[in-house]
Structures are given as C-alpha cells and as structure tokens.
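Structure first, then comments.
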C-alpha cells in the first residue's frame, strides 16, 4: 500500500518570486508532512529556489506558520521574504 | 518728592473678561511694583474683579510671569484663566 | 507666519507645509470639538485667545521642537471662533525621516499647547447654556473651581 | 472592506471613516516614499504584497487594536504598485475620545504593520538599478543578507 500524499500550492513573493521566476507551483509531498518538507522539496527541485533560505518566513493558509507545522492536502504554503511594509 | 508711578495696560480674557465686563484697563501703580501689586489694585478697585483669584496665572509682555515679577511703565499685564487650548 | 485662523483648518495645507522628499513618516494630530459620553449636548465650542501671546508662544514651541528633533518639519494651526461639534480646533503636522520622530514631535506639540498656549473655550450646549471649560478638560461653571 | 488600493491614498476618506461626534482627538500617520540622506536617488518604490494574507492580517490587527482601545475608531489603507517619491504608501487614522488613545492606537497599527503585514518593496533608483528593501529599512541586494 503506497503512502498518502498531499498536493499543496506553494506561492512565492517579491524577491523569492524573482529568484524562481514564477509566483506559484504545485508540490506533492508524502504525508505526514511539515512546512519544512515543502521547503526542502522546493529548494532542491525548483530551479533558482536554492537561493531561498533554508528556513524562510512561511505562511500556511494566510497565517504565519512555524516550519514544523503540518501541511495537509489542498493547503496553500507561502514563502515570505523579510517583511518590509508600511 | 512724590514716588515714581507706572501705568500698565491690564488685559482680561475669557471668563475673567466676562467677570469684569471688559477686556482691558489702564492701571497706575507706585514703583517699585510687582504683578501682585497690579492684581491687588485691580481686584479691589475694578467692579467684578474680586472674583478673579488672588493668585491668577499672569503674563507680562506676552510671557508667563511669576507674581513677584517687577512691572515697569508701559508693560502689558494679562490675567489668564486656566489654559484650555487645543 | 500666523498660527491662528478663524477659518476651517486645512489638513492639506498643513501637509504641504511639512512635506519633503527626505521625510518617510508624517504624523498629523487633529483636535476636534467633541460631544461624547462626558459631555452634555455640546453643539459647538467658542474658542478665544490672547492672540499676540499665542503667536509668540507657538513660535517658541516650534523652535523648541526643532531643536529637539532637528530633522523634523512641523506645522501647527489653531482655529478660533465658534467651532461646531465634529470640526477641528487644532491641526498639527510633523514630518521626519523616520516615524518615531514624527510621532514624538507631533505629540510634544499638542502636549505643550495644552500646557502653555493661552486659548480658552466655552462650550455651547443644546439647552442654551454656555460653560467655560477648565484645564482638566471638564467644564466648570462654579467660581470656586477657578 | 479592503485594506489595499492601487490608487493614491485619500486622507479625507480615512478621516471620514473614523470621524465621530464622540471623538476629540484624531491621529493620522502617513508613510511616504523617501529619498533622503540614507537613500541614493530613489525615484519610486514598487510595492507588492501577498494580498489575501494582507487583508486577513489587517482585519486581525484592527480587531486587536479595537480590543485594546475600545473607544478608538481605526482606519488603515496600504497602497500597492509603483509609488513615486513623496507619495504615501500607507495611511492610518485613529480617532478617540482623548488624544492619548488616538496616538497610541495609531502608533500600534504602524508598528504591527512593519512586523507582520506581508508587503515588500523594491526601490527604483535614478541610475536605473532596482533594490529590494530589507526589513531593517535599508536595502540589500546581496543574497547573503537574505
């Protein structure tokens, strides 16, 4: 019996979007999975994403999230460069 | 030889102007004189001025002044109700 | 340069006075005539002043703020006369390279105004009464409070 | 209710959102695109955002401020897109019965914005270069800083 897998929508913003040359990508990870697993997958497989830090600021479903937070199928995971609003 | 005397312009504002029914008056005081002397003279001689406090906030020539400050001929002495600007 | 006006205050004018390419933060304070829980049917406040002294004091106050926050640009205007509820009696704008200076300079100006600018106010009430406002912010009509 | 716009910010609109007969003090903060001593020929800043998250975060931030200052009325709008030097990128208005609450609530909002609202800026320079601004307020183009 194969492991359960989840598809998450990964979004990139600002400098990170420039680095990877796109604003989003779909990623599959085996469950259980954390934000860190998504980061690792993206950094190793997506061209340009290696320049994203290993421990970026992240959000899951519009809320800032720790890297050890669980991700589920259908989640939206965003990698956020250092915030510079205002 | 008579004492030197000074004429000062006394100004009233806001509630004090209402109490005395006017906004200014000329007062003569014998020199040397202080703001307190002017206050005393005004409170005893000007109808309605008895309701002005014995130690009002005062200004001499546009600057807040202590009651023991000297006044000279030609000075402008103002009695200021509690400040309520802004 | 006059710090007093009998016309409605213009925020745009205050902002124009302080705006600068070098400033990244601007703090504006507006003091408005209130008719809230602590008031009792205030329809307007009549503002009066020792006008010559107000001009002199504002000049010193702004100079003092400029010494303390040398990069800040400050504008202030106080309105006199009868000001209806909801309209502004004072407007202060402080622009600075960084926001902390803008907030601090603006706050400094309004606190100093409350302390030393010779302006007085009389509340005009719905019931036709008129009450001088004491410096604690609450009106008093009792001479014993003076 | 949206907290984002691509149009120039209107202070009048922010003020209209917070104005109330019960409020005696209103504090407005404007963050503007700066080209000062610390900058190097900034002609504009390009603002981008995680828009859905910005809306959610602003909603929480304003709700949090409303809990802390129950009598305050707060409005905030952030502009996105290319904003020329001198124009405002964010406008915050806080009205309250008394001035201390207005200043404190307004300051709270801008500090929280800097801390948690997912907005980014890229400075556009006179010499044609473009530089992402890092959160300390100074730009960095070196990947090692990220």
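Order as written gives the chain letters A, B, C and D; numbering starts at 1 within each chain.
The rule is simple: a contact is a pair of C-beta atoms (placed from the backbone, for glycine too) under 8 Å apart; a residue touches a chain by one contact, two chains touch by 3 or more.
For clarity, every value in this text was computed on a predicted model and none was experimentally measured.
Undergrad: Along touching chains only, what is the step distance from subunit B to subunit C?
TA: The fewest touching-chain steps linking subunit B to subunit C number 1.
Undergrad: Please identify which chain has its centre, taken as the mean of its CA atoms, farthest from the centre of subunit D.
TA: So the chain farthest away from subunit D turns out to be B.
Undergrad: From the mean C-alpha coordinate of subunit B to that of subunit D, what's the distance rounded to whole Å?
TA: 51
Undergrad: Just give me the whole-number Å value for how far the CA centre of subunit A lies from that of subunit D.
TA: The separation of the two C-alpha centroids amounts to 27 Å.
Undergrad: Cα centroid separation between subunit C and subunit D, in whole Å?
TA: 25
Undergrad: For subunit B, write out the residues touching at least two other chains, lowest number first.
TA: In subunit B, nothing touches at least two other chains.
Undergrad: Would you give the residues of subunit D that are in contact with at least 2 other chains, written as numbers and ranges?
TA: Correct list: 31, 110, 137.
Undergrad: Check the chains against each other and report every pair that touches.
TA: Pairs flagged as touching, ordered by label: A-D, B-C, C-D.
Undergrad: List the residues on subunit C that touch subunit D in their complex, please.
TA: My answer: residues 11-12, 15, 19, 21-38, 85-86, 97-99, 102-103, 106-107, 110, 137.
Undergrad: Taking the touch rule as given, give the residues of subunit B at its contact with subunit C in the complex, in rising order.
TA: Per the stated touch rule, the residues are 11, 13-15, 51-53, 59, 62-64, 78, 80-86.
Undergrad: Which of the residues in subunit C end up touching subunit B in this complex?
TA: Those residues of subunit C that touch subunit B are 31, 47-50, 52-54, 56-57, 78, 89-90, 110, 113-122, 132-135, 137, 143, 146.
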